[in-house]
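After this come two complexes, each holding subunit A, first together with subunit B and then together with subunit C.
Presenting the complex of A and B:
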C-alpha cells in the first residue's frame, strides 16, 4: 500500500480507498480521474484477543462477519450499520458509521482502539499502539475516524469487543398518530431508560418494507411504529419493558407487543434493516438523507418534511433512529423522469436545512462525501471550514487523497452538488 | 387438456420445422433439424422490432427487473464469485449495473460485458440477500441470450454448448445411448484400462477429476418403468415426476427411490414418456430458443397432470420459471404460467403431505447441503432437513454456509473450472469431520461434491434426501414381510 501511495504521489495522481461501496454519501465515488484502491481483498482477521476484548482486522473485513466469528464465545462487535452484512470495517472507520444500536453503545469511533495508517507520503504510522487508545497528546484516532478517506488509508484496525448482553427484549408499538409516536420517543428517554435501539418508521416506509423481502404484516393503516429494544442484565429488563409499555399507552398507542421469540425478533429487525433497499420495491430511485435533530423537535421537523414533500411533489418515507434524533428521510423519485432527480436533490437539501435550523446537524452516520459537502455551509462558517481544511492540508498537502469530498470547494459547490445524486441512488 | 394447446404447440413446431427446411436444405424431418437450424440462425442476428438501447436482438431483457435495484450492495457478500475475486464486476450489483448500462446505450454487448455475465454461477444467493427482490438470475439469463445472439460462440464453452447442450440433452434417445456408452466404458474394463494407461492425462485436470468420480451409470427409469406406477394400497392422489436427463442417466437409483417413496405414501406416479430435458442448462447458458422448445415439449407432455414433482433442484426451478421464459410470448405465457404453478420439489411435497414417518432406524450421521436452486431458487430449506430429522437413527450435523454454491452450477464447472474448483475446495473444507453421508437435492451438486470427496480422499457417501427416506421405508417393508412370515 505504501508503495502504491508513493507512486501515485510521485505521479501526482489523485486516489480513493474503497471498501464494499455501500456508503450513502458518495464518499468512495470518483469525481473524475481518481485511481480507486480497492481494499476488499484485505479481509483477514489478524488477531483475536478475547481476554482483552480486542480484535485486529484488515480494512476489508466484513462488519457482521466479526460478530459471527465471536458470537459463539459470547462476544460481539457493537456498531451495526444496516448494511452490516456487506460493508467493511475499513469503510465504517472512514465514515464513522453508526447503526440501530448506537443510541446506547455509540458509533464506530467509540469502538476503535488503534489504527495502522498509510499517510499521503507513503509513511506507515500506528495510532493507539497495543490497543491503548488514550495516548498523550491530541486524539488522532478520533480525527482519523470519520475523516472519509481524506487524511490517510487505514490498513489495520484494532477494535473493541463487547460481551453479549445477558438479556434482551424487543417491543413493537403501533401508533395512529405520528406526533404520539414522537412524544413516546421523548418520554421513554425522559423516563431514564436508555434502550439499546429506538427506531421509528412512518406509513410510506412501512409500505416499502411490507412490499419487499421481509414483510412482518404490520397494519397498513397506522401512522408509524416504534421498534424498541432493551438489553443488559437480565434482572432489570422486565421492569424497563413495563415502563416502556406504560409510556406508550400514555401516548395513545394502538397496539404494543413484545417479540415472543428470537425468530420473531430477527424478522422485525430484518424488516427494519433492509428498509432502504426495500424502497426499490415501491420506487425506481431514492435519495436518503441523514439529518440529526434534538429529539424534542421531532414532531415539528416531521411536519416540515411533510411540507417539503408536498412542495416538490415527491413522496418522502421516514425511517430513523428516533432515539438519538437521527432522521433518514428517503426521497422517492424516478431518475428517468426529466427533472425529478433535480427536484429530489433540492428536497433533500431542504430537509437538511430544516435539521440545521432547529439546532441539529446535516449528518449523523452516513458521512458528508460528495452528497452533503455544499450543505456543510448550513452549520459551519467559512472560518470554521478553513480551520478544518487546514488540518486536512497537514495530512494531505497536495489534495490527492479523495479530493472533492467532505468540504465544498470554493466556487465548485454547485457543480459538486450536481454530480452527487447519482452517487447515492 | 384442450385441443388448443396441442394445436398451438404443434403449430409452433411446424413453423420452426419450415424454417429448418429452408435454412438447412433438409426436409422437415425431426427435432434435430430444428435445433441445428436454430444454431445456424444464431450466426446472423435477427434484429427484433423493439430494441432496448444496445440490446438489438430477439427477446430483450426485462427493464423492470433492474428498476428494483437501488445499488445498496447488500448482495455483495452473498455472491460466491465476489467472495473469491472482490471485484465489483463479478458481483450481482456490478452485473446488474452492466446489464442496465447496455440498455442505456452506455456500453455495448462485447467480450468485456460477456465475461462478468458468464462468470455468474446463476446460484441466486443474491436473490436471497436482496431487500428489494431483484431477480438477478433472470436478468443474467436474459443478458446471456443477447450475448449468444450478438457474438459467435467461441472457445471451449462455445463448443460445449453447440455440441453437448444442443445435440445431446434435447434428445432422449441420444442421452440414453450416451448412458449405454458410459455403462460400456465402466463395465467393459475400458475405464480401468484408460486410468491405468494414462490416456486420461491428455484431459484437463478438472475433467480428469470428474471422470474419476463418475457414478456408475445405471439404466434410466423412463421407458423401463410403466407409464403409470400404481400406489401402494388405497391411492391418495396422482402425481407425475420429471425424470430428468442427468438424474435419470447418472442417478437412476434416485429416481427409483423417488417412485418407491411416493407410491409408499399412497400416490400413483405418472412417468409421461414424451417428457424431455427441462432446459435449465440451456436457459442458464443463454440458449433460450432451445430452452423454449424443450419447455413446450414438457408443457405438452405433462398436460394431463395437476402436480409435477421434481427431485432435481435445478430442473424444478427451471420448470417453475417457464413463465419467465415466455415473458415476451403472449400465446405461450398463460400455458407456461399454469404449468409452472403445478411444479413442486419432491421434499416439499412429501413434507406438506405429511409423509409416512418411517419406523426403522438408519443409523448414520448426515450433513445437508442446500442446492442453490432449492434454497435460493425455490425457498425450500427446512423441508428436506425435517425429513432427515424424522428418520429414526439419522444424526444431523450442520454444514457451515450450507447454502453457498458448490461450484457445479449447471455446466459452470466445465466452462469455468478454476472458479468452480475454488468453490468445491471451500465446500469440502466445510464438511464437518466424522460424517457418513452428505445429503442434497440436486444431481449437479451430487456429481460435484462426489468429485470433491474423491479428490480429497475422503469417505463420505453423497446421497439424495429421498434415498435416505427410501432406505428407511425398505427396512420397514422388510420387517413387515418378516412379521407376515
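Presenting the complex of A and C:
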C-alpha cells in the first residue's frame, strides 16, 4: 500500500481507497481520473485477544464475518449496518457507520481502539498501538474515523468486542397514529430505558417490506410500527418489557406483542433490515436520505416531510432509528419519467433542510460523500468548513486522497482565501 | 502592567492582578482575566494573538499541575465564572453547558429529572466540564459508559484568532464532515478554547450495587483470574477497579488488594450479578456488598483521593504527584503490583487503582521530589515494556521537565505538530503544555 501511494504521489495522480462499495453517499465513487485502490483482498483476521476484548483485522474484513467468527465464544462486534453481510470494516471506519443497535452501543468510532494508516506521503503510522486507550496526543483515531478516506488509508484496524447479552427481548407495536408512535418513543426513553434498538417504520415503508422477501404480515392499515429490542442481564429484562408495554398502551397502541422465539425475532429483523431494498418492490427507483433530529421533534419533522412529499408529488416512505432520531426518508420515483429524478433529489435535499432547521444533522451514518456535500452548508458556515479542510491539509496536502468529497466546491475557494489570509499574517 | 488594548476588549473589573506569581504548580499568567461570555474569550484571544501574547486557560484549577513547562504566560484566562446550563433537553437526553460549570453542579441539576452525565472523574465539586473534556479525565465507570469522547456530541470552540467554530451538533448521531469534537477532547486546551459543550446523557441507574472482593495477602495473582472470568461472563460490570492495599485500607478499612465491581441496573439484575460473583469466587476469597447510598458514598470517597490543584503540601517531604497509566486491561493487576513494589524501593508512599476492564490506572505518589522522579521513571519504563504509557497528571512545576510529563513523542508526532500549527500558528494557547512540548 505504501509503495502504491508513494508512486501515485510522485505522479500526482489522485486515488480512492475502496472496500465493498456498499456506501450510500458516493464516497468511493470516482469523479474523474482517480485510481481505485481496492482493499477487499486485505481481509485477514490478524489477531484475536478475547481476554482484552480486541480483534485486529485488515480493512477488507467483512463486518458480519467478525461476529460470526467469535460468536461461538459468546462475543460479537457491535456496529451492525444493514449491509453488514457485505460491507467491510475498513469502509465502516471511513464512514463511521452506525446500525440499528447503535442506540445503546454506539457507532463505529466508539469501537475503534487502533489503526494502522498509510499517510498520503506513503509513511505508515500506528495509532492506538496494542489497543491501549487514551494514548498521549490528539485523538487521531477519532478524527480519522468517519473522514471518508480523505485523510489516509487504513490498513489495520483494532476493534473492541462485546460479550453477548445474557437476555434479549423484542417487541413489535402497531399504531394507528404516527404521533402516538412518536410519543411512545419519547416516553420509553423518559422511563429511563435505553433499548438496544428502537426502530420505526411508517405505512409506505410497511407497504414496501410486506411486498419484499421477508413479509411479517403487519396489518396494512396502521400508520406506523415500532420495533423495540431490550437486552442485558436476564433478571432485569422483564421489568423493562413491562414498562415498554405500559408506555405503548398509554400511547393508544392498537396491538403490541413480544417475539415468542428467536425465529420470530429474526423474521422481524429481516423484514426491517430489508427496508431500503424493499422499496424496489413498490417503486422503480428510490433515493435514501439520512437526516438526524432531536427525537422530541419527530412529529413536527414528519409533518414537514409529508408536506415535501405533496409539494413534489412523490411518495416518501420513512424508516428510522427513532431512538436516536436518525431518519431515513426514502423518496420513491421513476427515473424514466422526465424530470422525476431531479424532483426526487430536490425533495431529498429539502428533507435534510428540515432536519437542519430543527437543530439536527444532514447525515447520521451514511456519510456526506458526493451526495450531500452541498447540504454541508445547511449546518456549517464557510468558516467552519474551512477549519475542517485546514485539518485535511495536514494529512492530505495535495488533495490526492479521495478529492472532491465531503465539502462543497465553493467551500474550497474559501479555503484558498483563508490560506492566503494566513500567509499574509 | 495592564495594556490599554486589553482594557478595550474586556471590562476593567475582569482584569485581575496576579497576587501569586510564584505558584508552585506554574501555569499562571502575568494578568488574570475572568471571562464571562464567549465574546470575552474571543476578544481576549484575538487580542493576544494579534500581539503575540501567550495565554494559559484555566477554570476549576484542579489540573493546574497537569503538564506545562512555562511558569507564567502573559495572560491567564479564567473560565471559572463562565458557567451554567444553556439547555437541557430532557426528552432528547442532551445537555448544553458552559465550560466553567462543575461536574457536581451538572449532576445535581440533571438528577432533578432522573438523568446523569456518565462520567466519574475525581473532585466533581471542583472540576469543571471544560477542564474534564480538555484533559480527557475519566473514572472507573468508563468500563461500561465510555470516556469523554463517547459523551461529547458537540462543542463551540474559540480559535486563537477569535473565530468561533462549532463542531459536531446537538444530536446524538452525526457523521457530517470530520468528527472535529475529537480534536479538542484531551488536547489540553492547545488547539482552541472550549466555550460550550453539548453532551449525551443517560437515565440515572434504577439501582446501584457494589461488590467488594478482598484478596488476602499472597493471593493477589488471583485478581487477574477473577477479573478475566467476569469479563468472559455475560455479567455487565460498570467497573472492575483493582485497588492496592493502601488504597483499599483508606476506603474499606481492610489492607488487602480489592476488586471493586459496580452494578447499575434494575434491582433484580443487580442482585443476580452479585449472586454470580458470590458463586464464582475462588475458595477463601471474601466479598462484601454495598447498595444505593452506601455504594454512592464509597465511590465518592474514591473520587477524592489524589491531588486537586489546591491540596499540595508546602513540606517538600510530602510532595504529591499523580500518574495516569494506560495499558492493556489484562496488564492492570500486574502494573498495580509493580506500582506497590517500586514504592518501597524508591521510598515513596503510593495509592493506586486501575480498571481491569478498561486499562487506565491512577497512581498517587507522595514523597521527596527526587524519589518521585526516580519512581516515575522506573514505573514508566516497566509499563512501556508492556506496550503501555505513563503520563504525569499532577506534578509541581519544578518536576515536570525532569519527569518528562508525557513520555516520548509518538512516531506520528509530525501530524500532531501539523494540527497545532494549523489551529494555533503563533502557539499562543497553553504553550508547552502538551505532548512533545506542543
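Assume the second predicted complex is superposed on the first by the 409 of 425 C-alpha atoms of A that agree within 3 Å, B and C clash if a C-alpha of one lies under 4 Å from a C-alpha of the other, contacts with A are read in each partner's own complex, and residues count from 1 in each chain.
We take it that a contact is a pair of C-beta atoms (placed from the backbone, for glycine too) under 8 Å apart; a residue touches a chain by one contact, two chains touch by 3 or more.
These numbers come from a predicted model, not from an experiment.
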Putting subunit B and subunit C on the same copy of subunit A, do they fit or clash? fit
Subunit A residues touched by each partner, larger count belonging to subunit B or subunit C: C
Just subunit B (first), just subunit C (second), both, or neither: which does A:223 touch? neither
A:48 in the overlay: touching subunit B, subunit C, both, or neither? Say first, second, both or neither. neither
Check whether A:321 is in contact with subunit B, with subunit C, with both or with neither, and answer first, second, both or neither. second
Once the shared chain is lined up, is A:385 touching subunit B (first), subunit C (second), both, or neither of them? second
After superposition on the shared chain, which partner residues are touched by A:40: those of subunit B (first), subunit C (second), both, or neither? first
Mind working out whether A:212 is in touch with subunit B, subunit C, both or neither, as first, second, both or neither? first
Between the C-alpha centres of subunit B and subunit C, what angle is found at the C-alpha centre of subunit A, to the nearest 10 degrees? 140
Quick check on the superposed pair: does A:281 touch subunit B, subunit C, both, or neither? Answer first, second, both or neither. first
Overlay on shared chain A, then closest C-alpha pair between subunit B and subunit C (Å): 20
Overlap of the subunit B and subunit C interfaces on subunit A comprises residues 425
Touching residues (chain side subunit A, partner subunit B) in the complex: 20-22, 38, 40-41, 43, 60, 62, 65, 83, 85-87, 212-214, 274-281, 284-286, 425
So in the complex, which bits of subunit A are touching subunit C? 49-53, 74, 95-96, 98, 102, 106-107, 109-110, 119, 125-127, 129-143, 145-147, 151, 163-166, 186, 189-190, 192-194, 232-236, 239-240, 292-296, 321, 324-326, 359-368, 372, 376, 379-380, 383-385, 387-388, 390-395, 406-407, 422, 425
Enumerate the contact residues on subunit B facing subunit A in the complex. 67-78, 86-88, 93, 129-134
Show me the residue ranges of subunit C that touch subunit A in the complex, using the header's touch definition. 89-94, 114, 136, 138, 146-147, 149-150, 159, 163, 165-166, 169-183, 185-187, 191, 202-204, 206, 228, 231-236, 265-266, 268-269, 271-273, 324, 326-330, 358-360, 387-389, 391, 406-407, 410-413, 415-416, 418-419, 421-423, 425, 435
